[in-house]
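One chain, chain A, links the two complexes that follow: it is found with chain B in the first and with chain C in the second.
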Partner chain A sequence: MSNPVSYFFSCLFVLAAHGTMLFSVFSNGKYSSVNDVVILAAAVIGLDLLYFIVMPFFRQKTYAVDFMLVLILNMSIIFQSCFGGVKLDVKHFVTCITALASCRAGYILCCDHRWIESKKKFIWAGIGILMVIILLFTGSRSMWIDLGFMTIQPSEFIKPLLILACATSVSEQQNKHQIWKFNIVYDNLIIFGITAVVLLFQWWCRDLGSIPTFGAIYASGFILRICYPKAKYSKKTLIIAGICVAVLGIVAIIVAPPYVKERIFVNIWDDTSGTGYQQSKALIGIAEGGWFGKGAGNGMLHDVFASESDIVFATICEEWGLLFALMMILMLLIMTAMPLINPPRSYYHGNICAGVCAAFTVQMALNIFGSCNMIPFTGVTLPFISEGGSSMVTSGFMIGMIVASQSPEFNQAVRSTGTTRTMNRG
Partner chain B sequence: MDNSIVMIAIAVLDICALVLMITSCVERHSGRKRWSKMTSDMELAENDRIFPLECDEILIGRHASADIRIQDMSVSRYHAMLNVSGGKWSVTDLNSKSGIYVNGRKVQNIRLYEGDVIVLGTRRLVFRRKELQR
Partner chain C sequence: MIVMKSIRRCQHIITVFLSVFIIGTVILVLRINREAPFYMSHSENYELGMVYDRNGDVLFDGLGKGEYPDNHFIDVGNLIGDDKGQMENTLVAKNIDKLNNYSFSAGIVREGGKAAIYTTLDHSANRAVYNAYMGAKGCAVAYNYKTGEILVCTSLPNIDPTKGYGNIGNMESGTLISKAMYGTVPGSTQKVSTVISAMEIMGKEKLFSKKYSCQGFYINGTDGKIDCHNSYGHGEQNIQQAVENSCNPFFAQLVEDEDMSLEKIKDMYTKLGYAVSDGENDAEMKYIDINGIECERASTTLTDSADFSTQWGCIGQGETLASPVQLMMWQSAVANGTGKMTMPYLIERVTDVYGDETESSETNYSEQLFSSETAETVKQILLTNGENHYAYSIPGYNVAIKSGTAQVKDGAEENALLVGFVNDTANPIAFCVVLENKYSTPAVAENIVTTMLNNLCSN
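Now for the complex of A and B:
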C-alpha cells in the first residue's frame, strides 16, 4: 500500500458517513424493534470493515474508486432497507456483495489493457452469444429470463462488453486500410455493425429505455475513435453524425409503438390512476419529502409499483429529502469522474472510462428525469441504488473497469508492431 | 422529525467525498512517481524543445492530432509511434515516407536505449533521461 495514511482516513470517513446515516435511521426512522436497526447497522458496518480488510490483498495502486463504490453500495443498502419500514433487505445486501465481487472481476480482467484488447474477438463473440440468448429465451416483447428463483436481464450484460468493444488504442487506429478513396479501420466498421444490431435487438424486445444508454456508449467510442489522440476532429463528420442521430430520433418517434407515443405526449395529471400513476405519485412524494424528507420508512411511495427501482430517486427524496438524494447523485458522478482527477496512462483505458461515464450518466438522467416527469418514463435503473441483480452486477463490473484504469499493469513484453499496415503517408 | 441529524449526515457525506477526492489526488501524485520509475524517467528532446513521455503510446507526426507534433514537411502526418511495455521503450515506423533512423540505422521497430538519436525526415530527436538536462 503506497499511502497507508490516506487509506486509513478514507476508511474512517466512509465509516463515519454510514454511521451518521444509521444514526439518522435510529432517530427519525420507522421501525418496530431496535433490533432491526442494529441488524442493519451490523450488516453495513460489517461489509465496510470486511471490504477494507480484503482490498489490500489485491495489491492495487489506487483505492479511491473502491472507497466510493463501497460508500455508495452501503448507502444503497440503507435506503433499500428503509423503504416502508426499517428491516435489512437481505436480497439487496447479497446483490451488493455480488456487485463488489463483480468489481474485482472487472479490475482483474481489464488492468492489463493489451491483454484485454487482444481478446476483442471474444468480446464480439460474447455480445453475439448474449443476443442469441435474447433471441431464444426472452421473446420479442420481453427483456427478462425467468429462472424460477430469480430473473435475469441479459441485455444488461451487453453494456460492459460494448464499452470494451468500443474502446481502442492508438496503435489499433493506425491499422488503416485503403478502400477506394477512404482510409478505413476495419474495427470501426465492425463496432458500428455490432452497435446497430444491438440497438435493433433492443427495439425488437421492447427494451427501449436501454437504447439511449447503448447509443451513449457507442457515441463516446465513436467520438474518441475519430478524435484520437487529442481533440482534433473533423467538424464536418460530427455535424453529419449529429444530423443522422436527429433524423433517427425523429423516425423512431414516428414508428414508435402506441404505448411509447402515449408516454411522450401524456399529461400525467389528467390520468393519475392510469398512464400517469407512477410519475404523479413520484412527484407528490418528492414534494412531500421537501429538503430533509419524512424520515426513513415514513414514506408512502413504497406501495407504488417499482418504487425501489424505476422511481427510486423519488422514493429516496420522499424519505431522506431532496438534499440527500442530490448528494447520492453527486457521489455517483464523483465516482465516474475520478479518472479526471487521476487520468489513465493509456488511451484504451481512457476510452473505457469515457464509455462507463457515458453509460452511467445517461442511465441516471433517464431515471431521475423520468421520475420527475421531465422526460417520458423509461423504467431504466439508477446504477447501484435501484434494486436488481443484473444491473448491479454489470454496474459493479463497469466500476471495476474504472478501477483498472486507475491501477493499470504495463508489464507485458515489448510487442512488435512492425507489421502494422498504414495508409497515411505524408 | 429532527432535521439537524439529516443535515449532519449530509455534511459528513460531503466531507467524506472531499476526503476521497483528496485521496485520489494523493494517488495521482504517487502514480506519477511510479510512472517515472517504471518508464525510466525518459523524454524526447529536440534542441530546446522537450517532449515528456506520459502515456504508453505516443504518436509522433506532422498532423495536429499527434501527441508530439513536428511541423516539418519531411515528417509524415503520422510518422512513428513510441510504446512502453514492461519498462522498455520502443519506436515503430508507421510506414512513413522517409522512414526512421535510430543512431544512423534505418529501422522498422526497435527498442530504445538512453542517448539514442532518432531521425525523422530532417528532424533529430534525442531519447534521454530527464535528469541529464537538469
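Now for the complex of A and C:
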C-alpha cells in the first residue's frame, strides 16, 4: 500500500457515508423493530470493514474505484432493504458480495493486457457458448433461464466478453491483409460478425433493452479501431458514419413492427392503469419524493411491479429524494470516469474502459430515462442498484476491468524481464 | 507521444458517453422540476387550491373548508367542475396540475398554499342569467369580443358539486356537461354563416341585388318542399329583409342560385370551422381549446345545392350542429369588423403554491375567416335587425342580433336561440343564448339576454 493514510481516510469516508444513511434510516425510516435497523447496519458496516481488510491483499496502484464500488454497493443494500419497510434484503446482500468477488475476478483476468488479448479466441468461444445456451434454454420470447432456485439472464454475461472482444491494440490494427483493393484487419470483420449475431439473438429473445447496450459497446470499439493513432483519422468519415447510423435508426423506427412502435410511441398518461402504469407511477413517486424524499420505507412504489429493478431510480427518488438519487448516479459516473483522472496505461486497457463506460452509461440511460418516460421503457437494470444476480455479477466484472486498467501488471512484467524498451507500446 | 495520443482517444470516447448522459440527466431534472405538478395531479395525494371569479368570489374550493350559501356553485358546477372524476371536460379537471398546492421543492402544502386560478367569469352575472332561465333547460355564454374574456357561461340543468354525486343515477341528461361547449341545432342563427358565405362568394353588390319570392314555402330543384314559418309568405325580399324575416325559402333559393356553387359554400363553411361532410364520408368534428376545455366547433352535411337536407343544413336544421361558443365567436368576427374571431378564454391568471403568478392570459385571434368588408356588411344587417325587432324586448342596448328556432327530437320540441353582440366600445359583449323547449317554460330568450346585458354592462 503506497499511502496508508490516504487508505485510512478513504475507509473513514465510506464508513461515514454509510453511517449517515443508516442514521437517516433509524431516525426517519419505517420499521417495525429497531432490530431490523441494527441487522442492516451490522451487515453494511461489516461488509465495509471486511472489504477494507481484504483489499490490501491485492497490490494495486490505486484503490479509488474499489472504494467507490463498496460505497455504491452498500448504498444499494440500504436502498433495497428499505423499500416499503426496513428489513435486510439478504438476497441482494449476497448478490452484492458476489459483485465484489466478480470485480476481483475481472481485475485478476484483465490486469495483464497482453495475456487477456492473447486469449481472444477463448473470448469469442465464450460468446458463442452463451449464444448456444440462449438458443437452447431461453426460448424466442424470453431472456431468462429458470433454475428453480434462481433465474439467470445469460445475455448479461455477453456484455463484458463483448467489451474484451471489441478491445484492440495498435499492433493488432497494423496486421492488415490485402483483400481485393482493401486493406482489411481480420479481427475487425470477426468482431463485426460477432456483434451482428449477438444483436440478432437479442432481437430473437425480445431483449430489446440490451440491444442499445451491445450497440454502444460495439460503437465504442469500432470508433477506436478506425481511429487508432496511425490510422487515417478522418472527422468527415466519422460524421458521415454518424449520419448513416442516425438515418438507419430513423428507418428502423419507421419499419419497426407494431409492438415495437407501441413501446416507442406510448402516451403513458392515456393509460395509467395499462401500458403506462409503471412509468406514471414512477413519475408520481418522484414528484411525491421531491428533493429530499419521504424517508426510507415510506414510499408507495414498492408495491409496483419491478420497483426494485426497472424503476428503481424512481423508488429511490421517492424514499430518499431526487438529490440523493442524483448523488448516487454521480458516484456511478465517477467510477466509470476514473480513466479520465487516472489514464489507462495501454491502448487495450483504454479500449476496455471506453467499452465499460459505454455499457454503463447506455444502461443507466435506458433505466433512468426510460422509467421517467424520456425514452422508450425497456426494462433494463441500473448497474449495482437494481436487484438481479446476473446484472450484479457482470457489472462487478466490468468494474474489475476498470480497476485492472488503473493498476495494470504491465509495469511489473517489464521490470521482471529487465527490458528498457518503452513500456506503453500496447 | 503516440501512446498518450491513443489513450486520449479512448478518453474522448468516455467523455462523449458521459457528456451525453449528463446532458440527459440535466434535461430530466429540469423536466421533473417543471412537470412535477402535473405528475402530482395523477397522484392520490394532493391538495388543491381555489378557483375565483373576476371579482374574487369563490367558484371552487379545493380545501373544502369554506362556508358558502346553499347552491352557491349551482350556476358554474358543470363548467368549473371538481376533482372527483365525474366531469372530465371542466376547468378544474383540465387544469388540476395548475391548481395543485405543490411544488417539487416545497412538496404538498396542506395549509396556506396559494395555488389558485383566477377566472374571467362574473359569478353574480352568471348567477343572474342562471336564475333568468327559471328552471328551464339551456345554456348561455357571453364574452368580451375585444379581449376574449368569457364573462358568463352557464348551462342548465346544473349541479353544485359540493353536494356530491349521490343521485347521479337520477340526474337529468346534460347535467354534468356545460352545453355551451357542445354542438346543438343552430336553427336560423345558421343563416349568419350562410350570409357571410354568400357575401364572400358573390360580393356585397350582387348579393343585395338578389331577390327571391316566398309564398310560405318553396319547392326546390329536387321537388323538396322548404316551409317558411310564415305560411302566408314574405313575398319578394332582398337579403336584409330575408334575414329580418328569417325566411327559409329565400335561403333555400340562395343556396340553389347558380352564383353560389356548392363547392364554394363548402370551402367557406370549412374556413368558418365547420366539419363538412359530403354525405358519404364523415367529417371529423373540430375543437376549440378553452384553457384545456375541449369545445366543439360546428358540423354539417352538404351533398347537392338542390338537395333538401343540404338546403336545410344552410338554414340551420338538417345535419347542422354548432356549439353556442362557436356561434358566439362568429359574432365576434363580425363585431370586430375584421373577419377574425377573438379566441375565448376562462383563465385570467394562475398563481402557484407560493402565490407567484405563473400564467396570465393574452388576447388571441383566429386567422382571417372573411373580409372586413363582409364583416361590416353583416354587422349592419344584424344591427338593423336588432334595431327593428329587438329594441323593445332587449331595451337600452344597440344590439346586432339573429334569432333561431331549432326543431329537435324529431320536431317534438323547439329550442329558441339568440346570437349577437352589443355594438358599444364600452361594453363589447358577444353572446349566445339557447333556451330549450321554449314552449314549456315561462322563460324567454330575450329576457335572458336582457338580464345578461344588464348585469354585465352595469359592472
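List of remarks:
Criterion: the second predicted complex is superposed on the first by the 395 of 426 C-alpha atoms of A that agree within 3 Å, B and C clash if a C-alpha of one lies under 4 Å from a C-alpha of the other, contacts with A are read in each partner's own complex, and residues count from 1 in each chain.
The definition used in the following text is that a residue touches a chain if its C-beta (ideal position, glycine included) is under 8 Å from a C-beta of that chain, and two chains touch if they have at least 3 such contacts.
Everything numeric in this text was worked out from a predicted model, so none of it was measured.
In the superposition on chain A, A:F369 contacts chain C only, with no contact to chain B.
By the touch criterion defined above, A:A216 reaches chain C but does not reach chain B.
Legend: residue contacts after superposition of the two complexes on their common chain; A:Y107 is shown touching neither chain B nor chain C. Of the two partner chains, chain B and chain C are each touched by A:V170.
In the superposed model, A:N3 lies in contact with chain B only, and not with chain C. By the touch criterion defined above, A:F201 lies against neither chain B nor chain C after alignment on the C-alpha atoms of chain A.
Looking at the shared chain after the overlay, A:F93 reaches neither chain B nor chain C. When the two complexes are superposed, the chain touching more residues of chain A, out of chain B and chain C, is B.
Once the two complexes are overlaid on the shared chain, A:Y347 sits against chain B and chain C alike. When the shared chain is aligned, chain B comes close enough to touch A:N28, but chain C does not. Touching of chain A by both chain B and chain C, each in its own complex, is seen for residues 170, 227-230, 291, 343, 345-347, 422, 424-426. Across the complex, chain B meets chain A through its residues 1-3, 5-10, 12-17, 19-28, 30-31, 34-35, 38, 54-57, 59, 61-67, 73, 75-79, 81, 83-88, 90, 92-97, 108-109, 111. Across the interface of their complex, chain A is touched by residues 2-7, 9-11, 13-15, 17-18, 20-22, 24-25, 27-29, 31-32, 35-37, 39-40, 42-43, 45, 102, 104-108 of chain C.
Those residues of chain A lying in contact with chain B across their complex are 2-3, 6-7, 9-10, 13-14, 16-17, 19-21, 23-24, 27-28, 61-65, 67-68, 71, 114, 169-171, 174, 227-230, 232-233, 291-295, 298, 320-321, 323-324, 327, 330-331, 334, 338, 341-343, 345-347, 406, 410-418, 420-426. In the complex of the two chains, the chain A residues touching chain C come out as 170, 216, 220, 223-224, 227-230, 269, 272, 280, 283-284, 286-288, 290-291, 322, 326, 329, 333, 336-337, 339-340, 343-347, 350-351, 353-354, 357-358, 361-362, 364-365, 368-369, 372, 374, 422, 424-426.
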